[in-house]
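Naming follows writing order (A, B, C, D, E and F), and every chain is counted from residue 1.
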Amino acid sequence: MNRVDVLMEAMPYIQQFHGKTVVVKLGGHAMVDAGVLDTVIQDVVLLHYVGMRVVIVHGGGPEITQKMKDMGKEPKFVAGLRITDKETLEIAQMVLVGKINDGIVSLITKFGARGVGVSGNDGNILFAKKMGAKRIKIDDLEQDVDLGHVGEIEEVDPSLLECLLENKYIPVIAPIAIDKRGMSLNVNADTAAGEIAVALKAFKFINMSDVDGVMNAQRTRTYHRLNINEAERLIEEGVIVSGMIPKIESCISCLKNGVDYTHIINGNNDHSLLLELFTHEGVGTMITRNEQ
Amino acid sequence: MNRVDVLMEAMPYIQQFHGKTVVVKLGGHAMVDAGVLDTVIQDVVLLHYVGMRVVIVHGGGPEITQKMKDMGKEPKFVAGLRITDKETLEIAQMVLVGKINDGIVSLITKFGARGVGVSGNDGNILFAKKMGAKRIKIDDLEQDVDLGHVGEIEEVDPSLLECLLENKYIPVIAPIAIDKRGMSLNVNADTAAGEIAVALKAFKFINMSDVDGVMNAQRTRTYHRLNINEAERLIEEGVIVSGMIPKIESCISCLKNGVDYTHIINGNNDHSLLLELFTHEGVGTMITRNEQ
Amino acid sequence: MNRVDVLMEAMPYIQQFHGKTVVVKLGGHAMVDAGVLDTVIQDVVLLHYVGMRVVIVHGGGPEITQKMKDMGKEPKFVAGLRITDKETLEIAQMVLVGKINDGIVSLITKFGARGVGVSGNDGNILFAKKMGAKRIKIDDLEQDVDLGHVGEIEEVDPSLLECLLENKYIPVIAPIAIDKRGMSLNVNADTAAGEIAVALKAFKFINMSDVDGVMNAQRTRTYHRLNINEAERLIEEGVIVSGMIPKIESCISCLKNGVDYTHIINGNNDHSLLLELFTHEGVGTMITRNEQ
Amino acid sequence: MNRVDVLMEAMPYIQQFHGKTVVVKLGGHAMVDAGVLDTVIQDVVLLHYVGMRVVIVHGGGPEITQKMKDMGKEPKFVAGLRITDKETLEIAQMVLVGKINDGIVSLITKFGARGVGVSGNDGNILFAKKMGAKRIKIDDLEQDVDLGHVGEIEEVDPSLLECLLENKYIPVIAPIAIDKRGMSLNVNADTAAGEIAVALKAFKFINMSDVDGVMNAQRTRTYHRLNINEAERLIEEGVIVSGMIPKIESCISCLKNGVDYTHIINGNNDHSLLLELFTHEGVGTMITRNEQ
Amino acid sequence: MNRVDVLMEAMPYIQQFHGKTVVVKLGGHAMVDAGVLDTVIQDVVLLHYVGMRVVIVHGGGPEITQKMKDMGKEPKFVAGLRITDKETLEIAQMVLVGKINDGIVSLITKFGARGVGVSGNDGNILFAKKMGAKRIKIDDLEQDVDLGHVGEIEEVDPSLLECLLENKYIPVIAPIAIDKRGMSLNVNADTAAGEIAVALKAFKFINMSDVDGVMNAQRTRTYHRLNINEAERLIEEGVIVSGMIPKIESCISCLKNGVDYTHIINGNNDHSLLLELFTHEGVGTMITRNEQ
Amino acid sequence: MNRVDVLMEAMPYIQQFHGKTVVVKLGGHAMVDAGVLDTVIQDVVLLHYVGMRVVIVHGGGPEITQKMKDMGKEPKFVAGLRITDKETLEIAQMVLVGKINDGIVSLITKFGARGVGVSGNDGNILFAKKMGAKRIKIDDLEQDVDLGHVGEIEEVDPSLLECLLENKYIPVIAPIAIDKRGMSLNVNADTAAGEIAVALKAFKFINMSDVDGVMNAQRTRTYHRLNINEAERLIEEGVIVSGMIPKIESCISCLKNGVDYTHIINGNNDHSLLLELFTHEGVGTMITRNEQ
């Protein structure tokens, strides 16, 4: 395939996406490898320059765990759920905002655009309330477990993001929210990204993690395009299992709240972002509304 | 070369050209073949969507001559120079504005952008005065020859073009100027394009005709990059000959009046516009200021 | 009547029309005489300078027919309807866009304002689809006749016109539309003008041709002011006949779709435009909504 | 002369003056007759609607004197100069701002435009300092006479006027200034008008009083057009005498500080404002820079 | 209480009121004492600089009566209602616009902000119609009494005020309205202020006169905060009497038409405006909607 | 002193500072005590609401050292200068951006305004180059010491800050810069704050640390106001010693580059920011240009 063919293949997509908002969720695992992140940000900058309004929301679980261990602090879990005590929150904030977020912004600079790193308390983007105790079965006993400084998003104020996008900056958002008294809370990055996509009336929400898209349980088949009905039926019929289900549900929730298209792609595949957006077959899974 | 490599090769150019103004001169010969024009306009629309402000200036000599013949009117020349009488001017205007210009705008629509066709009298873009009689040797006698309704550009008012570019239209300009009394005059399309590039403080002026770039007299070598000094020396030393010289001089004049880069490319080569702008080696000749 | 009386008589109209949009349809016949056109455009420029937003839509039938004859091409008609084959379309486009349209713009320059000539494909102003075959009785037999490259307007996009008016240009529109594939189509100038007046939410639509306004069949009486009901009753009762009816119907259609006032005037009467707009009695016919 | 001729004669002036600023000084005497004022304001509103930015500055000497008499307060003069004591100032302010200014604004409303009456303290338009004592010869003795609350203009801040003009209001200004401590001062209306014209970079300054323009001492000849040199020579040679000289000097001062044209006309002549601006011969005197 | 405490107490109010519109009615009696007015305007300027959009509406009854007496004109009353004949109207206008209004603007300048004095005819702010004859019992006979040039407000056009506020001016409004024919009419200042507050969708309407707020009939108790229901009940139960009732009703009318808060304060109490707005207990009465 | 006196004392300062830009440097030591920081941010929010454009630049030395110790990493110094190796830089970034910066933004939210935390790589605010090796005497030997990832500011791009201020956000800046390759560098917070004040053409630069202002060596006298000459003479004469000198020099550098006023105050003194800005005597030292 020669150069011209590639550019001509990309052209209708570039036209269609021009001036549209795209929220890219960068999963924690995809960000461990510096080379991978480099490539992803290169793609993001290209999207920016061909006229899209790109917003990045990132996670950071693995790096937080690693940093806690470096600092001799043992992460605490109950029935697989992390308990975020005050010290854990502080470490999470430092890693998310002071390391990962800042690192992404520096890469954006390196590739020639201008990023602005924010967390949910900047410009009051993400308001949350402390999550209530969770009813969890431990040793066959149902117990109420307080997960600590973890928030449930109540309100998204997109005005700072609009202002930055309007002025040609790429916003990079860490999943920290603020409550009404000014206290920080850890929030789930997938949820935050979805809520932000909805608040910005995004054209696309792209969930980039370390899986190749929606596959059947046997991992023998990848679905490149599904609509809500199809996705829900596959879950119901047990074709799709466990780990992938929350990601699909978050996509469906975006679609039901006004986002036009959602994608699940693997950040570890070289330039998967470009290939998913600018080639006919794509590389991951696109989930759409039923009528599209 | 795979898709990602192509897009990555193009990326730094897309960044560098973002928001910049490019004036493309479409030579009459390049426009005779409908397939060629189709490809050229496809490229123009791509440039538009990746963020450039593109302006097209076109000629139309061959089509004017053809239409005159169809109408049983014999084109008149003295010593190789066309004499533009009133009837010739009318035919030229109809062909340039009513056929070629309109055709280009329709192609822009077809490929998904919005064009606006204008001639120099729209918004008073091109003011000219009637060219004075030329002293020409005919049959060994020097004579003053009046070329008729042919204009010398006196002033370019870019405000309509700025207004259209600001509103995301692609202006398409026919080489007809207006004099102070409101009379139309035929002007040279190369000159008009260069003057418009200067008035718009264009980043690039691209002269697209049916030659492959600057070559030596023997046509054994193509120069891909020259600065003003080098180009002038090649002319002086006779390495470059006749036909190519006016094109080079028009590029040099643009450069001396504020245009940043000039290119000479062959419209008949498939997608030469994209390849010249978005690949490392290019396909034609780029002429730059000495210090660049 | 002295100067001051004239200006004082005009004053309330100038106030009332200030900042309002007026679409003037210039009929083909009114444009054959250069002196007439000169006067009309002088009036248009005055309207512009006293604060109205003027848009011109012109026809060109007689000049197209003349040019076809000059070129040795016989216009073809079936039962009085012109058949627009490919060659006819090309000639029509050249005459409308390259000659008449350009000529009007030059006159606007001559009288001190700035015009911009466009056809319906510029800025995608007029989208049309090819008109279906017409059922016509020929030699007592009903037949389906394909009129050729003739369009039915489907959609008017006024954004380019708004942009030009905002920037103090006078748009001049040729009745050529574009279909979704980028092909040109001839459209009826009266219809185009009416649709454009509606799309621009015009205050006034002025149909200027070569008749003096609405008259009874015997041409013994001119109606200076009618409302929709009155006009419809006169048609029903046979007081008004044939030729005038389509013009009246086009005015009524404008009124029913939001245009405030419509006028039918004769361009051959010196400065009829000024006199109709700026004097108490007017010179043609004003048709209004019933409640006005 | 028929209607069309009048409008056509006015057209080039309307074009030339479009968007230009005109400061009209209304002399106190011209405002005594209600009918005259009516006509003048009608003209002003017409100028407004044909696109000029009109500013009115008015005086009010005769009405102030009248009102003082009504209130049983004897105006006091020394060697012909009015002494403005505190009570006189209060009456002057009430008459100028509360009666004349308000009356002009009401007339503007009556004729269909929107005026805003201000005095020099509104928006800090006119800053002045108390005028120093004047050396005057009284009974053959030179004495220092304090004229009271009379100001010398130090600074004009045109921003409120610009804001009003931008929003399509007609500002009407009473000749009251403010000093740095917030105290009011009476200022000469001619001077105030001239300074305001300069601060607004006005195109025209029109001094409308009750004389017909510049005449020779014998009143046998009216000069319709003078440049600075000619006017200065006529004064030097004694051709023009006394009363007219300050008006001419104020015009010359405007011209030397950037105003393009100045006029002296008689408000008592019906519609002199329109006739001076929109007819070839005019009715008063236009004084221009030497090179115009 | 030290400085910091004062500023900290004020802080939440400053935040809450930031960018909000406040209409302050200055009652005639509060303006007789120059020292009082000085203090009030100082407060107004402070409100302006901490970010509120302040509009002043003033009365002037006592000064009008005084000036009439000075001029030897006896004010005329029927059953306690003033009859405004033509001469009275003229004096009222001169006093309100030329003296009081101008004086307030000068004080605003003195304290470092920029005011603009207007009356209801400026920018057509207040349109009124002549009030119909009032049925009044005189000597036990019901008679129709024509109050003269007194208006009932029909329409408020806030656009001039919005334009002035937008440009950081403090508008000062005299209670003179204009009718459709351009004639001035005296209007009640309380009513005018309330209507203006409603038209501006004001956050607060503050009625400043010479009473300390809402008190019971015995003047033994001041109500610092009432809602509409409470206020209406107090009136119904006869706890509040006569003079205060119209002021309360005007507040209630504002609240029912969209104003958020209304206050009744005494201008004679030093800095009552600041103390009411920026301290917890306030100094007058705040009347709110029931649900607030 | 009662409430009104306090507000009246503050009023002229509020007026003078309205719309002006103030850069506040928060020294690391002033931020250790949470109560102190609370008070400082309360003051900052008040400044914001009375109309100033406030920018915060913070340090964080003590907290970085503390966090390094917590993580078992020994800070390394050569001749008193910190050596910033890769790990130290990472910790510094996490503490500055992820903890201190975020904490300040949360406080701004808590007190009712909207902050945006940025570091120098956001929006390319601070470009730096790695500082060259320093020539330092160690054990009587001059050696070149590489201080590690420490930057010298080369360029400040204030456009992101302007954009945030324009939209009513309070920017909070961490002293991390970026080099041309996208690598982070630690920069001195005092220097960064000064350079930002200059780039923003700030009205005031306020250095808030834990000293009470400029004092003589014996700490018996505090200078409340100095101009550049006076300050330089006091240094020259040895009246002011060591620790204070760099702070003064940074103020002088600001003044010489366009900042209007500079202040040195002690953040530990309750509400020193308000008292310095809004009272006559102030609490720290103001250094001004000589002519002020």
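Following the convention adopted for this analysis, a contact is a pair of C-beta atoms (placed from the backbone, for glycine too) under 8 Å apart; a residue touches a chain by one contact, two chains touch by 3 or more.
Here the structure is a predicted model, which means the values were calculated and not measured.
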By label, the chains that touch chain C as well as chain D are none
Chain D and chain F share contacts with E
Note: of the two pairs D-E and E-F, more contacts are counted for D-E
So the chain most remote from chain A by C-alpha centre is D
Computed over C-alpha atoms, the centroid farthest from that of chain C is that of chain F
Cα centroid separation, chain B vs chain F, in Å, comes to 56
Whole-Å distance, C-alpha centre of chain E to that of chain F, is 47
Residue numbers in chain E touching two or more further chains are none
Among line, ring, star, complete and other, the chain touch graph is ring
Ring membership in sequence, chain A leading and chain F after it, reads A, F, E, D, C, B
Touching chain C in the complex, chain D uses residues 1-4, 6-12, 14-15, 18, 42, 45-46, 49-51, 112-113, 270-271, 274-275, 278-279
Within their complex, chain E touches chain D through residues 70-72, 90, 93-99, 101-102, 105-107, 109-111, 114-119, 121-124, 159-160, 163-164, 167, 169, 176, 178, 181-184
